[in-house]
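Just below sit the structures, each encoded as structure tokens.
Same chain, two partners: subunit A is paired with subunit B first, then with subunit C.
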Partner chain A sequence: MIARLDRISLLAVPALVFLAAIYALPLMMLLAKSFQGPEGTGISAYIEFFSDPYNLNVLWRTIRVALLTTLLALLIAYPTAFAMARANGIWLTVFLVALVLPMSLGVVVKAFAWSILFRANGALNEFMQWIGLTSGPIRMMFTETALVVGAANVFLPFMVLPIYAVVRQLNASLPDAAASLGATPLFRFTHVTLPLTLPGVVAGAAFVFSLSISMYVIPSLIVGERQQTMSMLIARSFLYLRDETLGSTISAILLAIAVAVVLFSSWLAGRLGARQ
Partner chain B sequence: MTVFSRHGVTRRTLLKSSAAAALGTLAAPSLLRAANAEIVIGCAGSHTAWMEQIVAPHMKSAIGADILFEGTKSSVNLEKMSSNKDRPYLSVVQMDDPVMIQAVEAGLLTPITPDAVPNMTELRPDAVHLDGMWCNYVQPWAGIAYNTDMKSGVASWGELWEPANKGQVIIPSLQNTEGVWTLFAAAMLATGKPFSEAQYEVDAAFAKLEELNPNLLTVYSTMSQAFNLMEQGEVSMLAGNFSSYTLPRKAEGVPVDLAAPKEGIFAMPSGICLVKDGPNPELAQAYVNEMLGAEMQTQIADFATSVPANTTVKAGAIVPDGVQIHAPDWAFVAENRAAWIDRFDKLMAV
Partner chain C sequence: MTNVLTATKPPAMQTPIERNYLDVSGVGKAFRGVRVMDAMNFRMAKGELVSLLGPSGCGKTTLLRIIAGLMAADEGAVVLGGRNITTLPAHKRNISVVFQNYALFPHLTVAENVAFGLRARGTAKGDTAKPVAEALALVRMTEFADRPIAALSGGQQQRVAVARALVVDPDLLLLDEPFSALDRKLRETMQVELKAMLRDRGITAIFVTHDQEEALGVSDRIAVMNAGRIEQFADPSTLYARPNSPFVMDFVGLSTRLHGTVTSHDAGMITVKTAIGDLHARANFPVGTAVLLGVRPELVAPDPDPQMNSVTVPLRDVMVLGSKTVLHGVANDADRVLCELPGIRSGFSHGQTATLGWSIEDTLVYEVAG
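Presenting the complex of A and B:
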């Protein structure tokens, strides 16, 4: 049995070799580079990065945008996943196509489309004036709100699909059982439905947060150079400042945040699963 | 004995065949590349139209080369050359002068010589740099692009700073070569000195640039998006834009024009160079020779509304009368650019 398992596990070798060569090795090199300063090996690049208020501002903006994007995507995705789980036949197909088809569009196209919608004479401004919400055009382009909305749109499928997968497996009789015991709709949601769907929420949030924190094209097109994010700082360090140590340091910090989020979400998903 | 062997195919034979097929597939692109005499050219994203329509067909018929080109920023081209220094894949690069200086310092270029590229003898003397390390081929002129539905013209660089233009201006990042024009204009306005002297007054330039913040909608690093915003009337002015981009759009009927402010305009530093130890060196030299020759110069200068560097060519951009054209000290720019980018980004951040 053990020998058979070992032979089967060999099937993972090509993937592991590929990941080691294409992903792990360059990451190790990147990490090593971040500890090589002009005065030798050390953490001087990290000290320099964290002692610059501009960098701290960019770091906080990156985390804030990723958190808000995740939150907005969750608010849209959670009810959508329930609607999809209830849908059958053609409606389910419509939902899935509407969700998956935009993923085939390049992120540049989607970001550019949002930049058109957000203009002073764009559709959103004209609609708000038409319904009387605003008396004149308001500035939406090159704002953090626009970035969060655009990013949430692009990453929405990564939130919807994990939640949908969990909701589909939900035993529909459990909320009914709670209702038969006198639980109110709010109590049923907070004590039955929500806890059971949390593993999907955690997985979706981890996906969207990781994607949002490392996005490059979307902020470049929607908010531009005056509101830089960590990814934009990385590109700037390598391409324009030609400072590989700084670029590697910022990359390592971004990677550490992403890894922390993935590990925390795995731990949280494990705990939530165990409680169920 | 496997199922395969019963049909005359052993497992070993199958593995060998698969390995051979895989190697053959992987090797195919380089074999095809060698057979087709293909060269890869690094150029600017804004070159795409004339590289596709003029250069590629001409090179196929004139020197028998298939041209693959990668359009991006000069700094990205420099990074590609630097990262692939031991095994270059680019043969020729077309990029801006300040980045050429960095490429020379990094030992990434090989000189262009009259023996291999005879057409370089027909260039203006100021178009050949550092004994042929690179040459300028065509030079667009740079001023302030504006939306003609919103403005009738831009008389002075100072209009960018006027309170009436709040939120109506986009400027390039210093990551883009054309970003330095706004910096030098700020220096000129702050000090009252001519461009030739003001370009060294960096502190005064940055102080003046900070005053531009209320008028800025954004700072761009992707020019096409910024230009589109101006075309659509989101802003009225785009500082530092150049004739090879604005004037063809104007000719297509788009409501834009390029202003030549009274204080002066700038010559965009479009250079061409040979990559050191780049593939297919003879073909690369032939490519550069064609690019500097009268036929290509005429076509590109006309198409991109630029000033040709070949003295035998009478075509291309008409430089506005009575306005001085400035060529900055690119060595000074190259030496300080990284520090300027860092300072600029922090100063203009919101």
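Presenting the complex of A and C:
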């Protein structure tokens, strides 16, 4: 066995040790706590969590926001990735800077910048009233829509970059070949371009979904305590309620969803990539 | 019983060939202000196999893309089968293309690749099996039908690309250097196969190549291209025997090259003074004209008759190639005399002087910038 071990794979050892010590071990300890209630070991904490409609509501909102965020990011990122793959020289630099620079800004700064635009007496409301689209200020901050828009904005690079990487590898003569074989632009897209770029879409969607389902800072700043998400429930359990069992239980549920998404998407990407 | 004669007569022999099935006229193209093609005219008959031969970058792919509708010309028209298709998008032209890199779809199997054109034309999935099987049988790839593209060799991918292009029964087939990625042996086999396949099915095709031997072997006619223009468009033997410019003479085959000046002109015969003596050719250039003389190497032989052109030159190289022996004589820096003799010839050696000659009738002559 040892003899057959690829020596290059030994290069992964530092990363594995690091992940085991900093990530896996504490997480296991946390998960273990979720099975230790006041009445001994068992799944009572889970039963309790799922029997509370409020918790179910939060769980559903969290998943819904993550799905919508992923969808919105995908709709914006997909054409952007193609534009970037076409661009070269200075334009490619402009694209990459525009994409990566905001990441260094931090979510807090962004959230306050948005509030200038979106609050009741903000620029957008004033504008809509001025052109006569609305008669009074409409609520835009502190809504689920604002949360989805904000999260999609923050996580956009994680969708664009994997798709861009795939689009750049795309053989430019494939759409030409399809056209010369009689394929309309729509047929070309659905039968050539889309299937070939799907691995990038799957990777990007897995990134953005995982990030959105566990986000804490963005919902705290944009919607506040009014509409809780799973991460906010976890924080509340640990910080205010001092209920480690509840906190660990919600963490475990969140982790289970994330693991399911990652496993499903790698399976999907593997299937899609199998022939290429 | 049908009359044996009429039944076997090839139709192309019966009627004068109408060379306007494909009619490219006045086509021009510039990339970012740089003209790469100007007033291109190109016509061919139905069922013809024409080669576009020219050096890399001369505009062969550009012309193919304009004909296929994958690129718009800046001006000019493309007419196919009497229909003006200049502004018709590629997917409505029924012109198949075999791309230089094959451009097979990596996410589809061999059979799915071949079925693509049928599916794109709305053929139901169940109805593609038969034509796909026939096309794969034609290129002898039947047993690879369910393989992924990545599992094929270059030659096999090339066959699949041909099957995919033919299965839709195109009005015109365009092949862009289809064999350039194959090794020499495989390339020669494929040339023979492809030619037979296109002949048998009466496919009208344009075959792009930068390999003169390939062009001579494969095609009915050859268009020699240079810098976005067609230099000469003729059948292989005319092209080889009577190239109409020094460019064509050099690009299609090898030849002797001797520069000189016309010193006398009489009754369609000129005398040219070269660095290695006076030579004659059939032409009508006035005295004083700077000319280039040429002759194909297999028309040159040692010990010429007195009425032939004759030169005595030192031999820089003697190449014994088995089926032929090539003598390379030096005239001066730019000029050379090439002589190709059948079989293995002894009696010639490097550094020795040889007297070589050829017929006046075989002498090619071109006016050049003095």
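The working rule: the second predicted complex is superposed on the first by the 259 of 276 C-alpha atoms of A that agree within 3 Å, B and C clash if a C-alpha of one lies under 4 Å from a C-alpha of the other, contacts with A are read in each partner's own complex, and residues count from 1 in each chain.
Following the convention adopted for this analysis, a contact is a pair of C-beta atoms (placed from the backbone, for glycine too) under 8 Å apart; a residue touches a chain by one contact, two chains touch by 3 or more.
Because the structure is predicted, anything quoted here is derived from the model rather than measured.
Once subunit A is used to superpose the two complexes, subunit B occupies space next to subunit C without a clash. In the overlay built on the shared chain, the residue A:Leu196 is in contact with subunit C alone; subunit B does not reach it.
With both structures placed on the common chain, the touch criterion links A:Gly42 to neither subunit B nor subunit C.
Contacts of A:Pro26 after superposition on the shared chain: neither subunit B nor subunit C is touched. Once the two complexes are laid over each other on the shared chain, residue contacts for A:Pro79 go to neither subunit B nor subunit C. In the superposition on chain A, A:Gly182 makes contact with subunit C only, not with subunit B. Taking the C-alpha centre of subunit A as the vertex, the lines to the centres of subunit B and subunit C open to an angle of 150 degrees, rounded to the nearest 10.
Contacts of A:Leu174 after superposition: subunit C is touched, whereas subunit B is not reached.
Of all Cα pairs spanning subunit B and subunit C in the superposition, the closest are 45 Å apart.
Common to the subunit B and subunit C contact sets on subunit A is no residue at all.
Within the complex formed with subunit A, the subunit C residues making contact are 68-70, 89-97, 99, 101, 103-109, 116-117, 119-121, 148-150, 164-165, 168.
Those residues of subunit B that touch subunit A in the shared complex are 73, 75-76, 79, 102, 167, 173, 175, 216-222, 225, 229, 232-234, 337-338, 341-342, 345-346, 348-350. Within the complex formed with subunit B, the subunit A residues making contact are 54, 57, 112, 115, 119-121, 139, 141-142, 220-221, 223-228, 236, 238-243. Against subunit C, the residues of subunit A that register as touching in their complex are 171, 173-174, 176-185, 187, 191-192, 195-196, 272, 275-276.
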